[in-house]
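So, here's a batch of structures to check.
Consider the two complexes below, in which subunit A is the common component and subunit B and subunit C are the respective partners.
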Partner chain A sequence: MGALTTSPLMKRLLAVWIGAILVFLYLPMAAIALASFSRQRYFRFPVPRFDTRWYEDAFTSLSVRDLLWTSLTVAAIVTVISVVLAFLGALAFARYDWKGRTIYQKLLLLPIFFPQAVLGLALLLWYSALGIPTSWMTAVFAHLVWILPIATLVISIQVYGFNPAWEEAAYDLGATRWQVFREVTLPVLWPGIFSGALFSFLLSWGNFPLSLYTTGADSTIPEWLYAKMVSGYTPLVPTLGTLTTVGAALLLLGAYATIMLVRRARRAEDGG
Partner chain B sequence: MSLETDVRALESELEDADHTRRRQRSSLWTELGDWLRQPGALLAAPPMLLLALGFLGPLLLVAAFSLIPPKTFDLGGAWTIRNYVDIVTESYWISFAWSFALATVTVILLMLICYPLAYAMTKVFGRAANILTLLLVIPLFVSENIRLFGWVLSLVKGGVLPGAAELWLGLDISGLLYTVPAIVLGLVYVYLPFMLFPMVLGLSMVPDRLREAAVDLGASRWQLFREIELPLAMPGILIGCLLTFILALGSLAESKILGGSAIVMIADDIESAFTFAQNWPKGAALSVLLIVLAGGLVFAVLSRLDLDKILGRG
Partner chain C sequence: MNSATPATTESAAPILRLQNVDKLFGDFVAVERVNLDIREGEFFTIVGPSGSGKTTLIRMLVGMDKPSDGNILLRGTRINDVPANKRPTCMVFQSLALFPHKTVGQNIEFPLKIRGVPPAERRGRCERLLQQLHLPQDYYGKAVGKCSGGEQQRVALARALAFDPEILFFDEPLSAIDYRLRKALEKELKDIHRETGKTFVYITHSLEEAMVMSDRIAIMRGGRVVQVGTPDEIYNRPRNRFVSEFMGEVNVLEVARDGDRLRDGASGALLQGPAMPEGFTKGFLVIRPEAFRFLNGTADATPNRLEGRLYNEYSLGSRMQYQVHVGGGVFLVEKLREQRYQGQLDDSVTIGWDPAEAMLFEE
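Let's look at the complex of A and B:
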C-alpha cells in the first residue's frame, strides 16, 4: 500500500503541470475578456484604458438580440429532441441485450468520429438535393446528427449503473408500467439525463462548423463572430465572446450546484 | 462464480438452439418481425432513423456527387471517375499530407500533455479531481472559434504574449501568428479534452489493487507504467488518439484563424471546392477520399474495442 503513494516531489510536479495546462486553457479567454474591456477599437497589450462601452453597445444592439434569439431557439429545440431520443437510444445501448446491439453501438458513434465541417457540407448538399430551404430549422437537424450520439453516450454511462432488478421488483409489487417508469427508472437515470441535456444545449450553443453551412440566411452567434473575425474586426467580437463564455460557465456551475443540492437532499431524505 | 457462468452458457446455448429451430420454420418476414420485437431494437429505431436521414443519406449523396462530371450539378448524367483522376494528378496530395502530418503531431503532443494530467486526476488527487474536471470541461462549451480568436489576440503583434514579453523581458516575439506552429498550438488547444477524457476513462479502468500487487512484487515505477498501467488503459488511450486524429484531420478553423494563409489543409480545399469554385463533384470526391481514409482508421480501431467494458464496468 505504502509503495503506491505518490512522493511529495512528484505531487508538486503534477500540480505544476495541472496549473500550466489550466493557464494554457484559460489564457485565450482572458485575452478576449481583456479586449472586451479595452477602450480602444484595436486591441493592444498592456491595455492603456479600460471601459465598458462595448457592453452597452452589445446590450442595445438589435442584431445581437436576433443572434441570441436564434442561438437560444436552436439550442433549446436540439436539447429537447436529443434528450428524448438519446434516452431511448441509451436504453438500447446499455440496458437491453439484443441481437445487433454491438453493431448499433458502433454505428451510433460514427458521427462523433467525423469531421464536422465535412458533415456540414454534406448536409448542405443533401438539403439542396431534396429541395429543403436552409434556415435555423435545418441547423437544428444538423446539430442533432452530431449531438444525439454524444448525448446517448453520456446517458448510457448512467444506464450501465442501472440494475434492471429494481424495475422487476416494482412490477412484482404491482406497479403499472407508467408507475415503474416514473418512480423507478426516471429517478435513477435522472443525473445522466440531466448531464445529457446540459451537453446537448452547450454543444449546440457553441457549435460553429455545422451551423456555418446549414443555417441559410439565419445566423447564430458563433457564425456571426466568425464572419466578423474574418472580414472586419469590431470590439463586439470579444464582447459577445466574453458574454457567451460567461453564460456557458454560469450554466455549468449552476448545473453542478443543482446536482450537489439534489444529492444532498436525497441523502437527507434517505437518512430521515 | 464459475458455476454461475457455466449455467449461463448452458442457458444461452439452449436459447440459441431454440432460435435455430424457430428460424428454420419461419420465413424471413416473421424473422424481421421477431427481431424488431426485441425491446432494444425498438428503442434503437428512432435514433437510427435520424442518423439514416442525417448521416448515411448525405454521405451516399456525396459519394454519388463525386462520380459526376466536374462542375455539373445533375445526378442523372453519365458517371465518371474524372474527379478522382484530377485529384491524383493535381497537387491535392500536398494538403492531404499537411493534414496527416499536423494531425499526427497533434496526437503525439496531446498524448504527452494529457497522460500526466489524466494520471493525476484518476490516481493522485482524489476528490479535488471533480473541481478540476469542471474547470477542464468549461472551455469545451465555448465556441471553438471564440477560443481560437483568443489565441489571435494573445499571439498577434502587440497582443498579450508579445506585449508582455516586450514589457517585462525586452524580447520581440511578434512573428508568432500565422505560422505552422500556431496551427499546431490551435489544434492541441481545441482537441485537448477529446484526448484527456477518454484517457481518464482508460486510466480509471486500472485497478489500484493490481498496481499495489505489482509494487509489492518489486516492480519499478517504469515497469508499473509499462506493464500494468499502459496496457490496461490502452482502450481509452486508443479512443482518445483516434478521436483527436480524426478531428484534427478534418479541422478547418485552426488553419484559417491561426494559420492565415501559411498552409492549406484538406478541409480548406473541400470547402473552397464547394463554395468559391462551385465545383461540387470535386469537393465531393475530396470528401470521399477523406472519409475513406478516416473511416478505415475508425473501423480498424473500434472493431478491436469492447465498448461495454470501457463505458460500463470500468
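Let's look at the complex of A and C:
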C-alpha cells in the first residue's frame, strides 16, 4: 500500500465531498416529496403545513387513472418488444461475426446520439407525411426507436461474456437446439435480458420529449406533469411526480428480489 | 509395443476409421488426406503445433464440422453427416465449457437430464462419478466458478463420463494448467482411462504430454499426419527431423555427404553417421543431448570427436545440461547428475558420440 494509503484528514475530506454530492443529488427529490404533502395550493418551501389530501385526490381522480394507464401500457409494450428484438440484436451485435456487423453496430447506436426533441419532431413529421394518426401507439414506436439501441447495448454486455463453447458442449452432450437454448443460452444471458427489460421500462416510463411529439391526444404522466407546470400548477404535480418515482423504485426493488429468488430456486432445483 | 500397455487385439476392426479425410476453408487446406485407424479401448493422441490441423480434425471427429472429402467411420458406419448431438461420442473442451450458471452436480448430471433420467438416479450416478474422480461429495451443490483449476478439470471429465460415450475426445484440456498440476493430471487421466476401459482420443501440442499418456500417437504437421506409432516407436524411430525436434531439445547439424562420411556445415568437422540412405547428398544429423559423452584423452575409440569450450551449465534436477561451443556450433550435452562433468566453465572439453546413436534425415 504505502503511497496509496490516505491520511485521516484526506479520509474526512472525502466523506464530506461524498456527502455534499448526495445532498446535491437527492435534496431536490426530497423537496418534491415534501411539497406533495403540503396543504398549500402553491409550491412553497419550506412547507408550512402537511396534509395527504393530494394523494386522496390522485387516487380517486379518473384523469390520473387514465394517465397512469397510458404510461403503463406504453412502457409495458415497449419493454416486451424491445427485449425480444434487443436480445436477437445483441446476438448479432456481440456474438456472431458477419459481414455487415461493424456497420450494423454503428447504425444501431445512431438514434442515441440524436437529441430526443429532434427525434420526436422527425417522427411526428413522418407520421403526418404518411397519414398515420398519432396516439399512444405511435408513441410506442417512437420510444422503441430510442430505447431499442440502449436495450441492445445492455444485453450485448452480457453476450460479450458468453463462451460459444458452452452451447457447443451442451449440443455435444446430446441436447437439441431448443434444449441448448433453454438450458444454456437463455439462463446464462438472463441477467442481461432482465436488466435490458428494466432499462426499457424505466426509460419509457419516464420519457417526456418523444411522448410530447408522438402521443397525439393521449397523454403520459411526464407529459401531463410538464403541461401542468407550464399552465395551471396543482399540488397534484409533486404528488404524481413522487408516485411515479416511488413506482419506479418499487419496480427496481421487485426486480432485485426476483433475481435473488431465481438464484435461490436454481440452486435448490436439484437439491443442491 | 510398450510392455506395460494392456493387450489390444491388433486384428480387431477399428472403432474409428478415417479414410482420406480432407477439410478445406475456401482455398485453405486445413486437413489433407488423413488416414487413421483408432482401436477400441486405446488412448490415442494426436500431436501437432498450432496450425497443424489437429483442432479442425477433432471438430470433424466430434461432429462439429463436416469433412470436405473422405469418410469417417464409427464401427464401420459412415458418420460424416451425423451431427454432434446424435453421436455416441463427446468431448472435453479446451476451455472445459462448464456451464457457469449450474452447480458442479448440475453440470455432471446435464447429459443425464437431457436424456430424461429421473433426478434420483441422476444423483446416484453423479455421486459415484464424484467419488471416482476424487471430488468431495459436498461439491455437488458448489458453484463451478468456485472450484480450482484442477477441480474444474475433474468436473468436466465427470460430465463427459456421465454421458457414457463410446469414444471420449479431449481438446487440449490441460494446456492452461500450471506445470506441476498438469503432470499430476496427465497421470490421473491415464488412470481413469485404465479404470473405464473407454477409447480416449486426445489432442495436444505437447509430445511430452502425449508420451506420458498414450498407447499410440499420431503426429500432424501442415494438415497431414506425419507419423503414427507407439511412444517407443516415435521416440526411437522418428520419421523425420520435424518429429525428432518435436520431442524436445536436440542437436541438429546441417550435414553434407563427404565420401562415406558427413561434413558438418557449422564446425567443418568430418563425422561418421548412421547408415546413409540410397542417394543421400545432404540433410540433417540429429543427436540427442544424452547421446554425448565427455571424452578423456584418446581412451575412447569413438570416431566422432569434437573439441570445444564448456560455455555454461544448467541443473535440471536429476540431470545436468551443458552448453558446449565447438567452432561456430553450439551443442547441448546432458548427463545424469551422478555422472556430471567434473571441472569448470571455460574448460576445453572433447565431446563424442557413437555413430549409431545419431539420426540422419534428408528433410
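Note that in this section the second predicted complex is superposed on the first by the 245 of 272 C-alpha atoms of A that agree within 3 Å, B and C clash if a C-alpha of one lies under 4 Å from a C-alpha of the other, contacts with A are read in each partner's own complex, and residues count from 1 in each chain.
Convention: a contact is a pair of C-beta atoms (placed from the backbone, for glycine too) under 8 Å apart; a residue touches a chain by one contact, two chains touch by 3 or more.
Because the structure is predicted, anything quoted here is derived from the model rather than measured.
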item: In the superposition, subunit B vs subunit C on subunit A residues touched; value: B
item: Partner chain in contact with A:Leu173 - subunit B first, subunit C second, else both or neither; value: second
item: Partner chain in contact with A:Pro28 - subunit B first, subunit C second, else both or neither; value: first
item: Touching partner for A:Tyr55 - first (subunit B), second (subunit C), both, neither; value: neither
item: Touched partner set for A:Pro187, first subunit B, second subunit C, both or neither; value: second
item: Residues of subunit C defined as touching subunit A within the complex; value: 62-64, 83-85, 90-91, 93-95, 97, 99-101, 103, 105-106, 109-111, 113-115, 119, 122-123, 140-141, 159-160, 163
item: Touching residues on subunit B, where the partner in the complex is subunit A; value: 35, 38-44, 46-48, 50-51, 54-55, 57-59, 61-62, 65, 75, 113, 116-117, 119-120, 123-125, 132, 134-154, 156, 158-160, 162-164, 167, 189, 192, 208, 211-212, 215-216, 242-243, 246-247, 249-253, 256-257, 267, 270-271, 274, 280, 283-284, 287, 290-291, 294-295, 298, 302-303, 307-308, 311-313
item: Subunit A - residues contacting subunit C, complex; value: 163, 165-166, 168-176, 179, 183-184, 187-188, 190, 266-267, 269-272
item: In the complex with subunit B, residue positions of subunit A that touch it; value: 1, 3-4, 6, 11, 14-15, 17-18, 21-22, 24-32, 34-35, 43-46, 85-86, 88-89, 91-102, 104-119, 121-126, 129, 141-142, 144-145, 148-149, 152-153, 156-157, 160-161, 202-203, 205-209, 221-222, 225-226, 229-230, 237-238, 241, 244-245, 248-249, 252-253, 256
